[in-house]
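Step one of this worksheet: look at the structure below.
As written, the chain order gives the labels A, B, C, D and E, with residue 1 at the start of each chain.
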């Protein structure tokens, strides 16, 4: 361990340090929200800055188990943003339910550390531990409302299935280790390229691939490994749901990028077909089931499954030989994060008063009670639908463009995938707009007074809205995404 | 001329616009602007007509360009007017009768103050449209006018729109006309496709001067399509059904539109297009056949109708049939001749019937009239003149024109047309005098309450009657006048006056047809034919005389209803057919309302249940499959885990398969 | 690269207006919205004045604005007008202010949101007509969707939610596939140009490539055309993709219907001419017979179904299906007159149908009912209203001298030149069109005043001056374009020439539409035979059977 | 036999399958947790076996195994905490009774 | 009486464990290592099966400890004594104890539930067997490039490796444990009531 190593992992160190500071702040002023929020948000800002500063130059540390490249920087900033927004959205929901903010922030920061580790890992063991560091806090957050039956039920389902899948994933990882004899990603890639040079994949490797794909598919909530998603999302406290729907998902995609794209890149011809099938299943089932949901959180859970499918389209396009697929995937991740967080933040804001459900009825006539909130919610929902010129549209467009390119390169399946994707997007419009229908076009059954929302929530919402509206117009963003994609493609 | 010709049509248009906008406030004085504009229009038209008929236009016609109407690349239509001798002949009829009807309406419509301005506005609009029709120099302009007169007809038939029958009749008129219009429109398209122009003269020139095989559309088809339009407007079988119903409109309308002018438009159109028809002899046979069939069909119906206006309406149909028969056999002058004379005497008859109806307080059923001759003498005498004229007794107008049609038909080799025409002539004389008899002669059957109030119409109505009676008396003589003192005493060096005027119009057509109108020989075949004509007319009159009473001057007789009944009982089928108008209305009802309605209802059902059903079905299936898939989400972790495990196995299997490739 | 100019002004003035409306209190909403719409209208009129319509330049894009937007993909913010888009833009701006004015009274709730929606709607519509970048085009295309969704869904009738969702989903299915096609096209261009994205979304560049350069390969053309076709066919709407239209129209508020019929349907027709013909000429010809037959079906079918509609708005909606059939027919016979006719038909349908919806709205305001059967004798109670109604009804029926006739006739003439039989079938609608309009008119206007209307008493007032003001410009234009269609024809002449130069003229229609019709007919017959054996629906009683649609009523 | 990698791996596979069965079949949350521990142990066995037989892995296998144990410990901590939390709410450790959320 | 039953059970268990070892050693002609391996493997599998099948959950926990112990033995046989030690410390010393505590905490007074298995036990068994077969076949069909002799892992290189090449994961694992502890404590501790603010 050298000083250079420390500089390289500065963001990670920063993240852990911020966690520790928050922990101490909470110990110093128990039960006070202000200091915790200030330190955690300020700390996140520092971490973000550190990321930007250190991310300028590509570097490796710790004997090549940690790597900083454009992808790392991009993903780290994204994680920092996700966690910052989540922390901003949290207090309004937690306070009325008597839940502390400090632990919330701390656990989130741990999760962020894990995610950042995934993004930066150049070693499969680091990758796995990063994954665990990311998902374990997720289980805890899901059960954060520990006195609530739904929250704990979601948590235990999430935990049990998550651990199950982790074990499966790890088993697959073990096979790869055994075959390649190394844990370094670069080494694995080399070895695999050499192993499969003859064109055949040994059964052990195939088993390993299957186990790993299953584990990863579970983490990103791809069908048919998605079962935990609706229950965990619905049960979790709403700000947590927002986080769960983006943080672990983007983190898991980071894992895919590092593991499948980088380490298993030589095998992409083999996992392409699986990804295509997964993408079709995921999009279609997510959207179809979402059509029938009456609970908005659960509906958005299925919707997040569907979005996983769209992102998989980008992955498939990459596997079919189009680097643009990765660009689309990364862009999608960013866009999806802001809009989905925004949507959940709106729901969370509505649920400020304890006992308010996230059923569609809650949204009836919302335009009268909470006009600004309902307009913001509409923006997020339209973006999720993919209406231009909002972020969600550009995201879809980029992945579909990549798919189309791949299909014109001769991989017909990607063309089919593109069509399935847009048809799904059209079907999805139904349930997103259904919420809009309730907000604008139905009358509320019960008259409830408007609620006062915290300033932090509003600022977070404004940030999310601005990003949702203008993400497609940020100059140079796509170049950043492109650079990130090229770092591994 | 550049200003005068547009003014002929423009003045009534201006009258319409002004009356339509401010007429409501003028109340009973609303008539003067329309009447004034039409009078001015008439005066200008007379000047133009005089210029045209005296050869004032170099090359026989005069064209006024207004603006480029549709400049769509190769499809170029100008808005322009043209006046030639044929137009001139029509102008006489249209403006004169139009003016007289306007004047007549001042009195006739007096009892409807609310609709007064509206009526005159519509009339003016009609005058504009009709004049546009005869003046237009391109097919498309004619078509525009064609539709516009249809619109006016619609508006005027439905003038008393509170009456459901009027509303229905107006709609029926418009729609039946539209059927013909489709044909006409297709004909116009065909003309353009063949020739690349829609100017009437140019296109006819192109169509008839080049080899026929060169055209995408055979010329016979074009002729028939144009004729389809004429059939609609001139109410020829099977599109004749609208005209009798059109009698729901105010009587002046019936006189102007449904007797004297608009219904003649078809005749005008075919005459206008004569070289096209001349190039397609088969089409001409069709024209002749449909014409003469309509003539006899309508005449047969007219014999039993009891509504005074309907009798006249069927009579109009019948006479129009004559005209088409003439057009079909190639006796074009005769057709136009009959058009003009018929316009006057039928206009007279309608206006007279209006006067009668007026007198008996809006009663149209002739069975509730009778013996009116004394009470409304002006009406009686003028209508009698009209009846004699239409029956074809010399020297009244109808004799000349009708005889010319029959004679030409015979001489041009259409003996069957002649034969049927003669039968129709008998029937014509019969039903006209039946009408006169039922209305004016015999005992009064007028409602007791109305009886004392029966009165002659005001001057403003009777003067137009007399003014129309004059041409009914002498127009035939004038137009057939063969030369200075009776064609050097029937040596007949030149044809009749009208024939001379129209000679240049037919010139090209006759060339194509390869024959000329036969020489007139008063002491040869023509004399025989004339005698036959007179005889049958007289026969018909006499029969009616016997059955429906006599009351002309010293001649007196009694109506014989028993004999009428007995006669009709002898031919029950024919009687019932005639009475029910050969069931055409019932057939149409069945076809278009019962069957057509079913079809439309089925189509709607198809749309809602099948087309939209599929759309909604897709939606429903999607949602239902969503619901079905949601069942997987049982809530039990172990089920989920099993799902994952099975997924793992499937994935392992598929990877092994992939790897095994 | 040229900067922002008047086209952006025309497009985004309403957006500024929308922002102002959103920020100020609701009581200013009406005035500001109207002002913004009028401003956009005036700006669009300036376009007309400055437009050079000579044969050489009329088909070229003018006032072009070009700003690089997403240089990575060569996506540009590029606007421009040619004659075709010019007339449609002016139609849009005109109808928008008319609609806003017409909404003053009927819309009383959430006026602010309403006006904002309407102005954003205008941005989208204008943008679609002006965009010269495929991507920009798509964005505007989708922007149109949302405000319309809200307008129907919030201010619509009882079944509004069903209608609006159906509208959105239906449109979205088509448009998203179109997005795929746009991307595929752009990529095909990029691939053919050594991986350079420059101009890959630029309409002018693509057109150049498609028609004079290498062109797109036939598979891409067919697939892309199919996607574009679906998007446009749904928008037009063509049979059998039309069923969203009656529902949307019936439920939409008056002004929404006006814009829907007046402008939104034109997006499809415009798209066909602008995008599909020029970019996929071969595929256009391949698909032409099918489209022609579908157009014919739409023409006749729409009219037949319109005959038996019990609801005024639904009747007008189905008449739109019929009328828009002429548009697609005119475009796909590849004949100059027919295409000019199709464009004219778009304009005049926008004006006439817009006016008809306004008129239905007028009566709905007073009676809160649109059931034809409940009306009757309105000519006596509200003469001015019925006179105006009659005017537009006849205009819709294609009365010569009014704008509807010119478009219809030119289309038919052009079609006749290509295939007389097709024209003959289409011309049949002259009868059916008159039939449903006159029958409707007779039932609402004539006869004695119905009990329902009499019951309304003095609430049933004649049309008000403001309402006349909304209708007057439409009526004036209907007359003007009927008498002087040259105004429009000179403007669009260049566009028509260019579009047909790109696509090639009618001789290339590969299969006779009659063959296609026969094929479709057999299929349809099979379907009908199948469904006919099902128990007949409850509709039969409510349809025409009782009252009779009537080309002929028994006179006796 | 003890010198054959395959034997170790097959044994690991068998243990993994037993764990899987337990996870799928048991109703008690803690039983399921124990099943997961069995699975993780199976993985560890495989890793150690690889470490013993693959030259490149040498000591790495053991290191990885140690890490996995730590992870398993962390997982167990979290899992048991959650089990206890839900037991407080539901008064039952049987997961098939946790089905308030479904569809 | 009871003691006899326990003794009998122990004898049976011993027989089950030793029989394969004897078979391997005597009949298969294996080495002592082989016999040990066979015995331990059998013990591990049997106790693992007991974990997933026994009705009384406390006995399941105890069986798990046995299984872990057997596994530790296998590690020793496999030449990774350090791992074996860690196995004993972590799994038996920490995790198993934790689990047993949790069992005590969550046992309702009503005793073990009447149903041990889900209704889906049969499909679960099938899935597990298929999985085992798949793994077994896949593993055996693969050329792992394995050394014929097993390599003993010495503690020193291991430690070197741990603090050199694997220092990052090592550090991170500590963070992970910290996170688990903090979160676990928060979740597991009793409700503190609504916080004042």
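In this text, contacts are C-beta pairs under 8 Å (C-beta built on N, C-alpha and C of every residue); 3 or more make two chains touch, one makes a residue touch a chain.
Note that this is a predicted model, so its numbers are computed, not measured.
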item	value
For chain D and chain E, chains touching each	A, B
Starting at chain A, fewest touch steps before arriving at chain C	1
Distance-maximising chain from chain E - centres being C-alpha averages	B
Most centrally placed chain - per-chain CA mean versus overall CA mean	C
Maximum centroid distance from chain A, chain identifier (CA atoms)	B
Centroid spacing, where centroids are CA-atom means, of chain B and chain C in whole angstrom	37
Gap in Å, rounded to a whole number, between the CA centres of chain B and chain A	78
Computed distance of Cα centres, chain E from chain C, in Å	72
Geometric centre distance via CA averages, chain D-chain B, whole Å	97
Where chain A touches two or more other chains at once, by residue number	125, 129, 132, 136, 140, 143, 146-147, 155-157, 160, 164, 168, 178, 181, 202-203, 205-207, 230-231, 292-293, 427, 430
Contacts with two or more other chains, residues of chain B listed in rising order	619, 630, 633, 635-639, 641-642, 645-646, 648, 652, 656
Sites on chain E at which at least two other chains make contact	118, 120, 123-124, 127-128, 131, 134-135, 138-139, 144-145, 165-166, 169, 173, 176, 179-180, 183-184, 187
Contact pairs between chains, per stated definition	A-B, A-C, A-D, A-E, B-C, B-D, B-E, D-E
Partner chain B, residues of chain E touching it in the complex	118, 120, 123-124, 127-128, 130-131, 134, 138
Touching residues (chain side chain A, partner chain E) in the complex	1, 9, 16, 23, 31-33, 61-63, 65-66, 95, 98-100, 103, 106-107, 110, 113-114, 117, 123, 125-126, 129-130, 132-133, 136-137, 140, 143-144, 146-147, 155, 178-179, 181, 202-207
Complex interface listing, chain A residues touching chain B	156-157, 160-161, 164-165, 168, 200-203, 205-207, 209-211, 213-214, 217-218, 224-225, 227-228, 230-231, 270, 273-274, 285, 287-293, 427, 430
Complex contact set, residues of chain C against chain A	70, 72-73, 110, 113, 138-139, 142-143, 145-146, 149-150, 153-154, 160-161, 164-165, 168-169, 172-173, 176-177, 179-180, 183-184, 186-188, 191, 220
Chain A to chain C touching residues, read off their complex	367, 382, 385-389, 393, 397, 400-401, 404-405, 407-408, 418-419, 422-423, 425-427, 429-430, 433-434, 436-437, 440-441, 478-479, 482
